[in-house]
Amino acid sequence: MPDLSVEQFQTLSQQIYQKLGLHFDEKKIYFLKTRVAKRMTALGLDDPREYMFKLSYADPHGEEMQALANLVTTNETYMFREYDQLQAFANYCLPEVLSAKQARGERTLRIWSAGCSSGEEPYTLAMIVQDVFPQAQSWDCEIVATDIDENMLKRVAAARYGARSVADVPDEYRAKYLLEDGDEWIVRRRTTALVKARHLNLSDRMAMRAMRGFDFIFCRNVLIYFDDLSRKAVVDHFYNALNPASYVFLGHSESVGRVNTAFKLKRFENHLVYVKE
Amino acid sequence: MSTLKEFEEKLHGADEAERTYAAEDIGYLNVPDGVPPLLERLAQEPSLAVRAAIFQALIRIEADAAIEGSIELLGSEDPQIRNQAVDVLRRKGPQSIPFLKTVMREGDKDMRKLVLDVLSGMQAGNAGEIYAKALSDPDVNVVITAVENLGRMRAAEFRTRIEELMGTDSHPMLTGACLEALVEIGDESSLGAIRRRFPDLTSLPDFLLASYLKAMAALGSATEFGEVASLLPVRGPHLRPPILSALMAIYPHCPLLEPGETLLPALRAVVEDGDPPLCRYQAVRVLSFWAARDDVYAFLLSCLSSRERLVRLGAAESLSMTKRPGLAQVLAARALEESDEEVLQALAC
Amino acid sequence: MDTKKTILIVDDSEFVRSYHSHILEQAHFQVITAVDGSDGLEKLYSNVCDLVLTDINMGNMDGYEFIRRVRADGKYVSLPIIIVSTESEARDKMKGFEAGANLYLVKPSSPEMMVENIRMILVAN
C-alpha cells in the first residue's frame, strides 16, 4: 500500500475539506490511506504525490474528488445515525426553538428531512420530537421528508424496516414507537402521522423556492455527492427555507460554514451547530 | 415571462429571500446585461446570503462582462468582496487570463497579489508571462505567492529561476517558499543548489529546516539520510514529523542503508513517549525498515500491545509486510485481543 | 508546571500556515491551524486557544468577518487577536482595529518580531 506521509495526509485532508466540506482528523489516517490506495490502484499511480496533484490540478470536473468521496462516505442509512448530532438537536436546539415559539404563542413546528432516502431519518426525527415534546400531537407539527427517488418515497410510506435499520434505536424508543412484525419493525401510526413524504429534486430551484417556513432542516450525507456550485445552491436555498433562529444539520463531518457563511456557528457544550439568525 | 428588468426590480426588494432569488435568476438568464445590476446591488447589499447569490450569478454568466465586473471588484475596500471576486475569476479559468494580465501591468501590489491568488487554481502554462514578471516583482509577497503557485502546479520551466531566488539574500519566507517549490519541481541540480545554500543544518531555524526536510524527502539519497537522521535526537519535537517523513521518503531509494548508532535508539524513544501521537506511528514505520534485525523485530512485536493505538497500527502495518516464521500466528493471536477496527484491518492484511 | 499556550493560525495558504506554525512551535507554543474564517471559528469553538493569528484575504470567510464573529461571542471578548496580512496601508490597519483586532503585523513579518509581539500580548493579558 502506498505510504501517505503525515504531511500528505494533512494536505489531503485540507483539500477534501475545501472541496467536499468533510473533516478528517488524525484518527482517520489509516482510513484515508486505504481509500486513497484504492483510487491510486484504479488510476495506475504509485506515488501519492501524483494522486494529490491529480486531485488539485488534473480533475477539472471534480470526478476524481467524487470517486474519492464515494469511498470515504458510507451510503448506509439507519435510524439514529450520527447520534451526537441528534443529541444536540434533542437536548438543545429543539427545546430552544419550542420555548421561543411558546413564548410567541405559536403552535407550529416544521422539519425538513432533505434527501430522506428510505425514511429512517425522518422517522428518527419524529420519534425524538414525540419524546422531547409530547404536545406535538396538539400542535401543527410536520416532518417533510423529500427525496428524488420515487422508490425511496414508497418505502417511506411503507414505514417498515429490517433489523439493520433499527439496530441503533434506543430501547425506550423502540418500545414506544416501533412494532415488531416477524423480523421487521413497523413504525407506529402516531409517529408516521407526523411525516409527509414528497418528491423533490434538490437541484430544482423553483421547487426549492417553494420550501419555506421550516424550523429545522436535516440534509445529512447527501450533499457530498454534489459538485461545488450545486452544493452551494442547495444550502443557499436552505437558508431561505428556514425561519429566523432555525437550524440546519448536514452530516456531522460536513461543514455548513464551508459552503455558506450566512449561517452562524453556535456551540452547546461539545456540540457545534449552525443557525440562521 | 420574467425579464431582466423585473429581476432587477426584485433585486432591490425588501425581502432577503426575494433578492436572493432575483440574483439567482439573473445568473440563470446568463446575459451580459445582467452584470451591471448585480454589481450595483452588491455595493449596497448588507446580507451575506444575497451577496453570495450575486457572486454565484456572476459565475453563471459566461460573458466577458462577468470577468470585467469581477476584476473591478478586486479593488474593493471590502475584503469579502475582493476574495469572492477572486473565487469567481478562478472559476472562469483561462478565460480570465488576458484581463488579469492588464491588472498585473497596472494594479498596485495588493491587486497583483490577488491576481496570483486567482491563478493558484490554474495550470501555469497559460499564465507564463504573468509568472515571469511576478518572479521579479518589487513586492516580496507577490513573489512568494508566485513561487508557491508554481511549485504546487509543478511548473518545472521555472525551476532555474526559483533556484536563483532561493540563492539570494532574501526574506526567509521567500527562501522557504522556494524550498517548498523545489520539493515539487526540483531535480539533482536543485539538490546541489540547496546544499550549497544551506551548508550548515545546525544553524538553520526551524521554519526553514521544515521546508528543507521536505526537499530532502523529495530529492535526497544516502548522504542526506544520515544527516537527516542525526537531527532526530537533537531538534524539537515539532520537527519530528518532517524529519521522520524525510527518512521514510529517502530510505526506499537506498534500501541497504545501515541505521548507524544513534538512529535506532532515537526512533525507539519517539515510539515510546514521543509527541504528537502521529510521530510515534511514523517512528514505528521508519524502524520497520530494519525489521530483519532481531532487536528491531522484537521491538515491533512489543509495539503490538502498546496502549497507543497509532503505535499498534504502525506495528501491524509494518509487520504484515515482513516475512518471518511464526509471524502469521503471532498476528492472528494479537487480532483476538485487538479492539480497534483499523488495527484489526492492518493485522489482517 | 508551565502549560504551553495555544495559538490558532488562520490562513488560506498551506505554506504560510506551516511556516508560521514552525516559528511558533520553535518558540514553545502549541499550534492549531485553520484554512479560513469559517474553519477558524469551528476550531476556536472546539479547542482552548490563548491567541489567534489571522490573515485577512481568505476565500469563503475573510479575516475581518472572522474577527467580528469571534468578538460577537461574549466568551471571546478579550481573546488576543493579531492580524498578519500583506496589506500595509494605514486604512487597512484601522479596519482591523475596528473589527476587534489587538495588533496588525505586515506579512512577511520577521519571526523574532512575531514571537516578541505574541509574548508581550500574552503577558499583558
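For the reader, a short list of remarks on this structure follows.
Per-chain numbering from 1; labels A, B and C assigned in written order.
Methods note: a residue touches a chain if its C-beta (ideal position, glycine included) is under 8 Å from a C-beta of that chain, and two chains touch if they have at least 3 such contacts.
Here the structure is a predicted model, which means the values were calculated and not measured.
Contact count check for A-B and A-C (C-beta pairs in contact): higher for A-B.
Greatest centre-to-centre distance from chain B is found for A, with centres as Cα means. Averaging C-alpha coordinates per chain places the centre of chain B 20 Å away from that of chain C. The mean-CA centres of chain A and chain B are about 29 angstrom from one another, to the nearest whole unit.
Work out the mean CA point of chain A and of chain C, and you get 32 Å between them.
Touching of two or more other chains is recorded for residues 60-61, 65 of chain C. Annotation for chain B: no residues touch two or more other chains. In chain A, the residues that reach two or more other chains under the touch definition are 261. Listed in rising order, the residues of chain B touching chain C in the complex are 77, 79-80, 82-84, 86-87, 109-110, 113-114, 117, 140-141, 144-145, 148, 171-174, 176-177, 180, 205-207, 209-211, 236, 238-239. Contact residues on chain A toward chain C in their complex (touch as defined above): 11, 14, 17-18, 255, 257-258, 261, 264-265, 267, 270, 272.
Those residues of chain A lying in contact with chain B across their complex are 1, 3, 5-7, 26, 29-31, 34, 49, 53, 56-57, 205, 209, 212, 229, 232-233, 236, 239-240, 260-262. Within the complex, the chain C residues that touch chain A are 14, 35, 37-39, 41-42, 45-46, 60-61, 65, 69. Against chain B, in their complex, chain C makes its touches with residues 13, 15, 18-23, 25-26, 31, 56-65, 86-87, 91, 107-108, 111.
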